[in-house]
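Two complexes come next, and they have one chain in common, chain A, joined by chain B in the first and chain C in the second.
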Partner chain A sequence: MARNSHEKRAERQWLLILLPSLVLLLAFVIYPAIYSIYLSFTNEALTGAAALRPRFVGFRNYARLFNDAKFWNALFVTFVFVIGSAVIGQFVLGLISAMALRRPIRFRRLFSSIILLPNAAPEVVAGFMWISMLAGGNNATLSRIVGFFGVTPADWLQVFPLSMIIVVNTWRGIATAMILLTAGLSTIPAEIYEAARMDGATPSQTFRRITLPLMMPTILLYMLISAVSTIAVFGLVYALTRGGPGGATEVISIYIYNQSFTAFQLGYGAAVAVVALVISLILGIAYVRAMKVEV
Partner chain B sequence: MKKTVLGGLCAILLSAVSTLAQAETIRIANHGQAGIDAMKSTVERIEKKYGVTVEVVEYPAPDKDYLTKLLTELGAGNAPDLFSIPTTAAVADMVEAGYLAPVTTEFKAWDGYANLYDVAKALAVSPDGETYVMPFMLGIQEIYYRKDVLEKAGISTEQPKTWRELLDRAAEIKQKTGAYGLLFPAGVSWGSGAFDEGFQHLLVGSKTPQLADADGKLDLNGEGIKDVFGVYKELIDKDLMPTQPLLGPEPWVVPKYQMFPAGKLAATTCGSWCYIFDWGRESKNPIPEVTKVVGTWTVPGQNSGQYVLANLAAPWAVNAKSANTELAIKALMEIGSIETQVSYAARIGNIPASKDAAKNADFQKLAELVPIHAAAENGVFLKQASGFGTVAEGVARATEALLRKETDAAGAQKILVDYVKETLGDDKVK
Partner chain C sequence: MAVVSPSESANKGRSDLIAYATLSLISIFCAVPFFWVLLASFDGNSQLFLHWPEQWTFANYVRVFTKEDGAKWLFNSLFVVGSATLLVMVLAGLGGYALSRTRAWWKLPFLYAILLIRVLPPTALVVPLYKFLLTLNNAEAAVLRPIFGSYARDIMRWTGFIDGYLGLILVLATMQLPLALWIMKTFFDGLPRDYEEAALMDGATLIQRIRRVLIPLALPGLAAAGLFAFMSAWGDFLLPLIFLSSPELQTLPLGLFRAFLRINEIDYGLLTALAFIYLLPAVVAFGFARRFLVQTFSGGVKG
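Now for the complex of A and B:
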């Protein structure tokens, strides 16, 4: 009986400790999410008559969304952006960096620091920094560099907008990929490599038959984290292109912003956000199930 | 017990003091250092005259970002007491949203009212017949051209009389100098400028010169709108207007601040501010003897007529939810003083809305603005209606499609109509 009372007190103490976190979670996550869902069923706007007297419009925003070519364009751009920068760019370069830095090479710490640097810059700062590299035609730093090799200068953000934001996001995300994949690599026992080497396995065979299979749980987890964080990228794209030109880089986060805070249609913007969230959830669950990974 | 009562009394006293202190402070939103500098003496005057503290909050510089921040705060109910509105197109929508306090009575009783240009008074009246803004500065817009570049190439600097003549002149400039012949701001990145500084110049001289009907509906299917987009189409297809810079995040930088001073763009729409802020003494890339080498044309009509567009340049308004509306309205009237008008004119290059400014010694020193001030009476404008903000965004999207050569004039008009209908509802558009 005394033990039971002690347990109850401990439980109350834990609840007390958790309470601030729960309150914050409720105030800043649960409530805004529920409010967004509510908004998506209204014609709420930041200006005009709807700002004063918003109306419940049922599923009108959702019906409009499925006929909205710009929404589908935003989904497509987001898909290409995620595959390009998170899955291909960051992962491949991150893995190469992680494997290279495992070896006892000279200036290893210096290389590690250089690779980590992009992560130190906030998204928007990185975006503005890259504008000087890419925008401005002949004056762009990249134009000057490639011009030295006889390549015609260009306003890179206009000519290859999506490719350029993929490159910049890749640059920014390599460090995270490298850290996570390095952690994964460190879990593979050195003896296995030693045994493979004694069996005469080539580096390619070692990679395909040892490194890759044993790294798979880490890789899949990284892919999931990376894809989710890339879908949420906003500041970088906003600083570089604001979604332009002509919607070429209008990823879903920019589209939501544009609808809500440029067109001032909060209800419609919320509907897009809800659909984007549902798509992300479905993709995430399907991805995890397909790969049979327990998260 | 005594301690508790004493503590409670102290808390109530502190709360009352802090409430009183808040009532004695008014918050003003301003954007850009030039605007803040221009308001400095006005702020001091308000503080002295009404015994209040004025807190000036700097807002983002690009108009589009400023408007977003302002509307978000107004929507959330925590906006400043006084603010300027970065685009006239937004005023009617903000009135409809209930954000602005009506100031009709105070405005008409204000001692500076009689001396305002009629165009300023007319622009200040909202579709509901009330006044919500202080129209203390006018943006007088025309076409600014490089007189020196044209003269050197033997091209006429005479006023073009029709759209055709204007387009032909632009083609001649391109052919003889290699420079781009004409720029109308366009595209999404330019924000409301695509409408304010481009589209409406041509629309006022078209076959259908207004967008708003008497009943407040938007008539976007007019022939004039298609014809205006046709002008853009020709400029773009014939490579008479720079397009690539307009698709970037800061589209005004390359054409206005680099190409025009370098003579690589020979003509562009601009306002009175350009002689000071864009290419004059406040510019980072000034054109030497700017008033001599840069001339102005009025915007010709489609078949005849000459149009000088007058806009309210960032009119000021009072937050309807201000904690102290009465005081904020008094401060608003101070912003209308000749002193403030001249201060703004000197730093930003807009035109004082008061005729009396012409007699002001400091204004007389602004030689480049004096003749434009005198011409302000002839300014024309689009009758405002709710939904103009959305139309401005629709024009930006339509002109961006033209810039990217994705559509023709009729297609651009359809983009505009569809966007406004989608956003505001079918019943809002005629």
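Now for the complex of A and C:
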């Protein structure tokens, strides 16, 4: 009996130690998330009459979303951005890097260090580096490089805006994909490959029949993590194009920012934010379920 | 068993060659954008595009610290991000320990909840966050003004929630907390309880156990949590963009961004020197974090 009450006191002590973190998370994440839902039902604005006296408008903001072509454009651009950079670009290059680095070749550490480098570049710096690569028409660094191979130079960010932010985000995320997929690859027992080689399997057969199926859990986790983090990308796109030209790269985080801080429509911006929160939460719950967290 | 047939070794050689070729191509793709920042920052005649400097110079770096506000921006960034990182380390160290040792019912829901918190896009939170911080800020000002009069403004620069260091530090730290708590919880899980129990037998209090036994043991985990917090807070652009407006409070990413906005007279030498200064701590931290990075990610996948 005495032991039990002692344990109970100890458990309360743990909660006390966790309390400061809990308070910060409640105040600066949970409360804003809930407040965001509330705001989305008002006509709150940063300036004008609505700023002084915001009103409850029910589902009006959400009804407006349905007829807002720019909102659907933002969802579509975000979708293409996530599929292009996270699901395809980072994944393919990350997997190739991870598989190549498994071979006992020389300079492995050097190669992996270089591939990790883009991930270390702060968003704004990454944006400027790529403006140097892409902007300036014939003078742009990329134009000069591909011009050497006979490709017509272009104003890349103007002509292929969405493709270019996909390339840049791919560049930035190869490292994460590589690290995660390396971890996944290392869980496949070497004997299985040995056996396949004995049976005379070709490399492509081995890849399709062994590597891919056994990697599926890792790949699923990677896809969810990278989709979630790509939806949240703001600084990179903002530094590169600020959503332009003409909304071609206006991903959902840029659209929220523009609605709230350029158009000052806080209530409407919050409705868009709630959509982004819900999509991220759904992916997040899928991630937590797929991960089967050991606690 | 170790006999390798000639065709097999030729096959292996070819595979290695393919590995070298693909890794080289991917490495070039990864590295080339960095050359511009590096070369242009030492170039007396910097341009937007990549070219080999004809006259090498340190003048750009000197100008960052003398003519421009580079030193101020660097200080602001180091102060804000450094404070946030320290705060994260303390809170995650304590919280992670509690999460590792407790058997209370709230442990599992809490751990799942912070995983989901990490998923929420910051852009979707900044508007309500801004309004909330503004309310706190006004309340603080209402208390400080009658007491400190005209000095209240100077105090608010440090303790303000909007356009003050404190608000940004708290929000930056909170954004890094979920990952740091997970890192520390996993770290303490791997730490044997023998030491603590021995200390407990000796009649040490919780505080004593934490200070004499746990902190020394926890240092590698704290270093990992701190590095991750530092890296992402250092790179963050959105939060300072929204919470700071006074020129004297600007952080490096903001200073850099504003320098790039002077459309007609962008000084690329200055810009790239500033970018290189901003890049350096991030790359150094990343170099240190490499080891933890692989462990953390593989730990996450294992489950």
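Miscellaneous remarks
Convention: the second predicted complex is superposed on the first by the 278 of 295 C-alpha atoms of A that agree within 3 Å, B and C clash if a C-alpha of one lies under 4 Å from a C-alpha of the other, contacts with A are read in each partner's own complex, and residues count from 1 in each chain.
Convention: contacts are C-beta pairs under 8 Å (C-beta built on N, C-alpha and C of every residue); 3 or more make two chains touch, one makes a residue touch a chain.
Note that the coordinates shown come from a computational prediction; the quantities given were computed from them, not determined experimentally.
In the superposed model, A:L95 makes contact with neither chain B nor chain C. In the superposed pair of complexes, A:Q13 makes contact with chain C only, with no contact to chain B.
When both complexes are overlaid on chain A, the residue A:V237 reaches neither chain B nor chain C.
In the superposed model, C is the one of chain B and chain C that contacts more residues of chain A.
Of the two partner chains placed by superposition, A:M215 touches none, neither chain B nor chain C. Within the superposed three-chain model, A:G48 lies in touch with chain B and out of touch with chain C [touch as defined at top].
In the superposition on chain A, A:F111 contacts chain C only, with no contact to chain B. Shared-chain residue A:A135: touches chain B and chain C both. Using the contact criterion defined above for the overlaid structures, shared-chain residue A:Q158 touches chain B, although it does not reach chain C. Shared-chain residue A:A271: touches no atom of chain B or chain C. Shared interface residues of chain A (contacting chain B in one complex, chain C in the other): 131, 135-136, 239, 261, 266. Here chain C touches chain A in the complex through residues 15-16, 18-20, 22-24, 26-27, 29-34, 36-37, 40, 47-50, 91-92, 94-95, 97-99, 101-104, 106-108, 110-112, 114-129, 131-132, 170-171, 173-175, 177-178, 181, 206, 231, 234-238, 242, 253, 256-257, 260, 271, 275, 278-279, 282-283, 285-287, 290, 293-294, 297-298, 300-303, going by the rule given at the top. Residue ranges of chain A in contact with chain B, taken from their complex: 45-49, 51-52, 64, 68, 131, 135-137, 155, 157-158, 239-246, 261-266. Note for the complex: chain B touches chain A at residues 64, 68, 71-72, 74-75, 90, 93-94, 96-99, 187-189, 244-245, 247-249, 254, 386-387, 389-390, 393, 400-401, 403-404, 406, 422-424.
Of all the residues in chain A, the ones that touch chain C in their complex are 11, 13-15, 17-18, 20-22, 24-25, 27-33, 35-36, 39, 93, 96-97, 99-101, 103, 105, 111, 113-126, 128-133, 135-136, 139-141, 144-145, 171, 174, 176, 179-180, 182-184, 186-187, 203, 217-218, 221, 228, 231-232, 234-235, 238-239, 252-254, 256-257, 260-261, 266, 269-270, 273-274, 276-277, 280-281, 283-285, 287-288, 291-295.
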